[in-house]
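Data block below; observations after.
Labels run A, B, C and D following the written order; every chain starts at residue 1.
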Amino acid sequence: MYEELRKAVYDANVELQKRELVIYSWGNVSGIDHSRGVIAIKPSGVSYDELTPDKIVLVDLDGNIIEGTLKPSSDTPTHLELYRNFESIGGICHAHPTNATMWAQACREIPCFGTTSADYFYGSIPVTEVMTEDEIRSDYELNTGKCIVRRFGGMDPMKMPAVLVANHAPFTWGNSAAAAVESMVVLERTATMALGTITINPEQGPISKALLDKHYLRKHGKDAYYGQLES
Amino acid sequence: MYEELRKAVYDANVELQKRELVIYSWGNVSGIDHSRGVIAIKPSGVSYDELTPDKIVLVDLDGNIIEGTLKPSSDTPTHLELYRNFESIGGICHAHPTNATMWAQACREIPCFGTTSADYFYGSIPVTEVMTEDEIRSDYELNTGKCIVRRFGGMDPMKMPAVLVANHAPFTWGNSAAAAVESMVVLERTATMALGTITINPEQGPISKALLDKHYLRKHGKDAYYGQLES
Amino acid sequence: MYEELRKAVYDANVELQKRELVIYSWGNVSGIDHSRGVIAIKPSGVSYDELTPDKIVLVDLDGNIIEGTLKPSSDTPTHLELYRNFESIGGICHAHPTNATMWAQACREIPCFGTTSADYFYGSIPVTEVMTEDEIRSDYELNTGKCIVRRFGGMDPMKMPAVLVANHAPFTWGNSAAAAVESMVVLERTATMALGTITINPEQGPISKALLDKHYLRKHGKDAYYGQLES
Amino acid sequence: MYEELRKAVYDANVELQKRELVIYSWGNVSGIDHSRGVIAIKPSGVSYDELTPDKIVLVDLDGNIIEGTLKPSSDTPTHLELYRNFESIGGICHAHPTNATMWAQACREIPCFGTTSADYFYGSIPVTEVMTEDEIRSDYELNTGKCIVRRFGGMDPMKMPAVLVANHAPFTWGNSAAAAVESMVVLERTATMALGTITINPEQGPISKALLDKHYLRKHGKDAYYGQLES
């Protein structure tokens, strides 16, 4: 019944490793079946080399296990909080890729310095506030999700499919588990390029609204003209 | 009739991926048959893994499709503007390689800091002006080409087969599609080395005219003595 | 009798190369059989490509050779001093990985800037004092061990399985030879991320005690809840 | 008669590419047979993918071709000047590896910041003076060799098997063509680590004479105790 979802989430986890964004068990990808309210997610602490489709765990939006003999990722409460609040998203990815994590650790948003970023992210990549001691001590993973949702305010998560959790690492998403991983790949590139940009020119500011609109909107939305027409 | 051109452009696109200068569909290579006024170019939004020679699109210098069922690259108007103005070039490459893009995002030309660069580029790698809102809002891709041509003024494009488009990424070229990709490979190395150079010594200036002449001219032009004599 | 220990130490040495943390013979991993007081260690100056399990040398805690025809690693006295003082550890790794060695050469501890590090290391990665001329001139390798032990004072080595030897490179450890190598992998990542973090934000301080406790203790100790329950 | 020398030089050139220190034809390795005064060297402008042992060119110490149908490397006069002056060396390597070239372009010597470097290089890696216009305009490659020899003064080239040519790139050497390549590999690592070291701690000075002596001399000379005893 959930074979397809489980396989898609398995494939997305494998892709995360193939793209060299994780080592050991440092990441997790999930996907949601909106019609049934079921989330498939990587099991906790299982290394990518040992992962198989049948080890993917199924939970509902409250975190109850529906299928699976392993414990789901310890970050599951973060994923669930995002699915409950960002209803348009279909998949979530968490990892500690080197360059995006540098920015998260530096507690700095990544300015939109160029079209590479603007093709995917409609503005600067936001960073959350540093979490309070209370938020950390109890329900830490749930509060991580709340902290992200609070940072987004009214912002459309599909226009900004990435966030840096301060002192920690990024979460990304998209309309599927695969798309969430693609967001992570692009975020990591964006982070790498941004670090070089401020090293070369510490005064460099973000690109103009006109250029941001041009690149984002030529790939997304009703007036997009990049790529082939879908038939 | 255009099999050879299409194959050469396909091979050059594949080489771009093999050299790790593109991910997903982030780049495009074209080549021109000057005698017929026909350009072969990568289709828009097709990932490098899915690319085959028969998907390469043929257009004329005004952008009319001559052969091909797919839409040509969204950057086609930039390529055409360059072919119309730089008559000596035979191929063009556009990509977002990490280090060259850092310099483009920083809106800084890359000084000629050493012989690695001087062997291929006769001076500093130029950067365009930031495009105006008007240039961005209408005919953006055509205006990108005009902006490059304007930056070059009377400069010989074969002596400087690369440019950084400010806030965006590089374009490179050469006497063939393959040569355009080689220019991109060397530009990326040049950009990487230049970033390290200014980190080690922020006061470092470009090499002397004498050293630039020596290295560029021992590989190019009538007095070249590098490599084997062509028979 | 010691086949298993020798094989485990061989495998850990191979893993070190596979993780791209050594070239040529620049590293060594050892493991200890506490019940017998026997240490297995890589032979000196043997490149990783030529290493086989039977070349692993067995020594006792005073450095006497028990089995093996090759000389043990020249760093053996450092390993022995650590085993004599850090009784809880089961394996030790020494290497010169690029980024961790940068910090060792800069004589700077690596602040705990994020959860990636906190998942493995309970605080900043310590750096030893610069060794004195006397310590260097006689019994250098033994004194390297003494210098590390002195730096640790009363600190629990299992909570901080890594140290940077000033002007030199890191040593790491764990409850087995394999775990010692994993500590080195994570240290190298931590070092890479920390360098980027201070480049982006030179004022960045370490994470809060609350966040350090949360991440370290969710993976280690009696209240750990990360990963699968061991049965 | 020269099969062995030619093969050794071919193998060393291949190793240079395998270690990712060259792309295209950006490098050359040579070796000398001292008893016959014959040097084997890579042909000019031949890419590493096309190189075969029989393409290696043999020249005498004055540059006269002894065997081979191809032109020798355009850098041959530099190699010959080094062989004529550094009589103890058996092989020379020239390449443009990314990080060592950054230092050469920055016209800065690489301080000996740690034991990784001290194991191979007995002090800081020297950089030549910037060459004069006269030296560049005539007999450039010969003058490059003279400039290196002048920089070394009375220094023993076997204790410092590397030099950075200002504005250009490194040359390395050793007692064979293979050893010259190993020197290049280690130089590139040293350069990478040194760049990180000054980024982390701009005030960092070189290691003490005592530590330099300890590491260099435990691997080289009559009191060396690193590695296995040669039988």
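Structural remarks
Convention: a contact is a pair of C-beta atoms (placed from the backbone, for glycine too) under 8 Å apart; a residue touches a chain by one contact, two chains touch by 3 or more.
Please read these numbers as outputs of a predicted model, since none were measured by experiment.
Homomeric contact subunit A/subunit C: same residue numbering on both sides for under half of the interface positions. Superposing subunit C on subunit D by their CA atoms means rotating through 90 degrees, a value rounded to the nearest 5. When each chain is reduced to the average of its Cα atoms, D sits farthest from subunit A. Centres computed as Cα averages put subunit A at a distance of 33 Å from subunit C. Subunit C has its Cα centroid 47 Å from the Cα centroid of subunit B.
Counting partner chains per residue, subunit C has residues 199 touching two or more of them.
Here the chains touching each other pair up as A-B, A-C, B-D, C-D. Here subunit D touches subunit C in the complex through residues 113-116, 182, 185, 189, 192-194, 196-197, 199-201, 204, 207-208, 210-211, 214, 218, 225-229, going by the rule given at the top. Per the touch definition, subunit C reaches subunit D in the complex via residues 23-26, 43-46, 70-71, 74, 96, 98-99, 101-108, 130-131, 133, 136-137, 140, 167-169, 195, 198-199.
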